[in-house]
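Note that the chains take the letters A, B and C in the order they are written out, and that residue 1 is the start of every chain.
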Amino acid sequence: MTPVDRRSAAGFLVTLGTMLVILFGAPHALDTFGLVQATGFAALAMFALSQGFIWGYGGVMSFGQAAFLGLGGYAYAVSVINMGDSTLPILIAILVPTLFAGLLGYFMFYGRISDAYIGVITLTVSVILFQLVNTTSGSQYRIGEAELGGFNGIPAIPALNKLGDAGNPLDNDGIWYAAMGALILVYALLRWVLASRFGRVVVAIRENETRAQLIGYDPRLYKLLAFMISAAVAGLAGCLYANWGGFISPTVFGLSMSAQVIIFVLVGGLGTLVGPMLGAVLIQWLIIEAGSQNVVDSNLGLGIVLVAFVLLIPQGLLPVVRNLLMRIPDLVAKARPAKGSASEPVRDARAAEVRP
Amino acid sequence: MNATMSATHPAPSKKAPLRPLVEAKGVTMRFGGVTAVGNVDFTLGEVELRCLIGPNGAGKSTFFKMLTGQLTPTEGSIRFRDIDITGAEPHRIARLGVGIKTQVPNVFNGLSVRENVFVAAGRRKSIARTRAIVDETLTRLQLTAIAERNVGQLAHGQRQWVEIATVLAQEPELILLDEPAAGMTHDEVHRTAELIREINRTHALIVVEHDMPFIRMIARTVTVFNQGRILMEDSVERVLADQRVRDVYLGKQAA
Amino acid sequence: MDLAGLLTFNVLTGIATLVLITLGLGVIYGMMRIINLAHGEFMMLGAYTAVMANGAGVNIWIAMLVLPPLVVGAVGLVLERTVIRFLYGRMMDTMLATWGISLGLIGLITTLYGNVVRGVSTPVGSFEIGRYGASLYSLVIIAAAVAALAGMFLLLRMTKFGLILRATMQNPRMAAAMGVSPDRIYMATFGLGAALAGLAGGVLAPISGVSPAMGAAYISRAFITVLGGGPAIVTGTGLASSVFGVINELVSFRTTPVIGDVALLVAAILLIRVLPQGITGRYLRRSL
């Protein structure tokens, strides 16, 4: 293990520990309302992970991540209404967006279109899905038992139940454990993917596609697979999101959903996994706080945050804070009479920034 | 490193000795109305070391790009070990065993030196074997001291070494080096020349260079490009003594 | 026969609508290689300008055709000076910033005027194609589109400004070396693109519900058309609008407008699989 690897592993363990504390602590520390809200945060944090993975590590400008969130949510809603038991619908909620991403990604990546075009196409796809689902009002638009409901969405979606036991739905505590537990699992899995050879190649392609190709990797395939992984994560987030409210409407496909997750990642820190999760919680909390006043529309605030971060803090909060923390020993050393090479850790810290 | 490399493929002499490693026939590359490379025939034998020289814009880098699949020739064909690779995708050609150090360093800037080499070494090999190759390559190119440094923060010369390391770690059969000595210090140029001679004991190389003393250090046969065509191909002494070659270089400098 | 006439008329209207909603986006993309994600909101601002001016008693034609491009063009200039110009050369950041502007404008208009749908009545009546009635206003749209496209062509072809624009488009560094400030050109281009979006918003205000989120209804079609058209502004927009307009109208006629958009998207994705740079990226590269 190299020193950088060791630091990275330490960061992983600290994050994992913190998340486990939250998982078991929250039901005791929060009242029912707080716990339900926290469940929503967990779903959105997972959505942010999907964006942070594909954008921060894959370098793919997926601007329509809401498409996969929505597909996952609707896939869960439709299948759980038809099947009753929620076990299989969870898998369907992951599978549908993954396959959709596979098809879309094939055309995008194998068409060798530019990054800007990928941004525009993914965004357009989510807008069109929004419009499409919006027009499904009326009883003729139904899949089996489930009426799609157009812009009104699907109400009263059955919640998750104990695996294979449809008669035994989870209570608020149970859904919290499911959502937060899934978030921890997905975080750990993404860390594992990034540490694997596959993940290293994905990051290498982000850094230099030409070089990756000249040593024998096919960037199209790696980008496609990374895109599908991110869609799978977003789909699971959609499933949790539908569970959280017991309700889903076309707004999950909306532009502001895609914009929000971009802001989560940008605010938290592009090129990290923890940053997007923190960004999701922070921004969502601010939106809820802002929602209690009716003077200013929350989009205005989101827009200003987005422009401000692009202009002023493009690397996001987490890397900034981490660099500040890394610099403390350096500053302390400088305050004291110079002794040894204090600048070394800072340089390493910067090197660690872009690492998984 | 040498041992592992020669173990991975049979000695060239066992493999059809008369068949060339690279055979380009009538290769032409036009961009719009400009002919960057025109009707070039080029042959390289197994374990041969060839230098390409010629003024800027003579078509050397374009020729390299066609060999590696970054450009598809407008006309003509290229074969590698008798496999037609004309217009094949770069990663497929790379998998056949062609490695290239490009003119402008092409490295993974955001990754450490070790990770750069790891990614290059690790295609379809076990982790243990990959790690062994990485360590050997880093030692061989004296990069161990800076192995954990971020490549984006290294000096130009060091980045050149990192790129050469990624090419070697890939364990290619044919190595293309586009101006490997550019931006290197005098000592580094010597090390590079030594390294090239060492690699050439087991591998074929094509080297593009402008630095004549460097060419003298490494070359036996030299191919001279001018205006997209091959001007001459001969031993290094005869090429460097040739009046036409001098004219081409001087003419370029005078202009 | 009547039906064929009506359908042809509708296809022409569809093409004209695409030209109008795409041209401003195409100008900015063609010149600066920036996809302006606030394009739909610039249109929305244009539509609001028309609604507000008309409500204040301004002549409807001036409110629709003159004020929106002026107002939105000015907004574009201000945003270019305060935000966009700091981000040149950073394609992704520019897109993100325009996205932020898009959200900000939606939020601002919602805050000021509320999340309600307004409208302007159509200033002209209808006419008949055989047994079918058709809106005369479609003729206004077609005329506006032809005028905008022709205006762009003349601007690029006949004026000194157009020459400088084309030179900068071909080679910014060369143009800079010749004493043209790319900074100025980019500023003017962004303003021009915004003004064209404003015009589209103004012209379309009478036939669409004017609300803070109305931009989203148009942008997917506009993005697709720019992608399909490629970098040449006039030819690209014109050609792609023609191809996609026909597809969109015919499919919409058989099904619903939303399915028409889906067909458009599928057509565009298939097209860029074959021509990643759009129609004019591969052919007609030297066109305007």
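Criterion: contacts are C-beta pairs under 8 Å (C-beta built on N, C-alpha and C of every residue); 3 or more make two chains touch, one makes a residue touch a chain.
All values reported here derive from a predicted model rather than from experimental measurement.
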{"item": "Chain whose Cα centroid lies nearest the overall Cα centroid", "value": "A"}
{"item": "Centroid-based (C-alpha) most distant chain relative to chain A", "value": "B"}
{"item": "Where chain A and chain B are represented by their mean Cα positions, the distance between them in whole Å", "value": "42"}
{"item": "Where chain A and chain C are represented by their mean Cα positions, the distance between them in whole Å", "value": "32"}
{"item": "Chain centre separation in whole Å, for chain C relative to chain B (CA means)", "value": "49"}
{"item": "Chain A residues touching chain C - in the complex, by the definition given at the top", "value": "61, 63, 104, 107-108, 110-117, 119-121, 123-125, 127-128, 130-132, 134-135, 254-256, 259, 262, 266, 295-308, 310-311, 314"}
{"item": "In the complex, chain C residues that touch chain A", "value": "33-35, 37, 83, 86-87, 91-93, 95-97, 99-108, 110-111, 115, 212, 216-217, 219-220, 223-224, 226-227, 256, 258-259, 261-262, 265, 268-270, 272-274, 276"}
{"item": "Chain B contact footprint on chain A (complex, rising order)", "value": "2-4, 197, 200-201, 203-204, 206-208, 210-219, 347-348, 350-351, 354-355"}
{"item": "Residues of chain B touching chain A in the complex", "value": "68, 70, 89-91, 94-95, 99-100, 102, 106-112, 114-116, 118-120, 122-123, 127, 130, 147-150, 153, 163, 166-167, 170"}
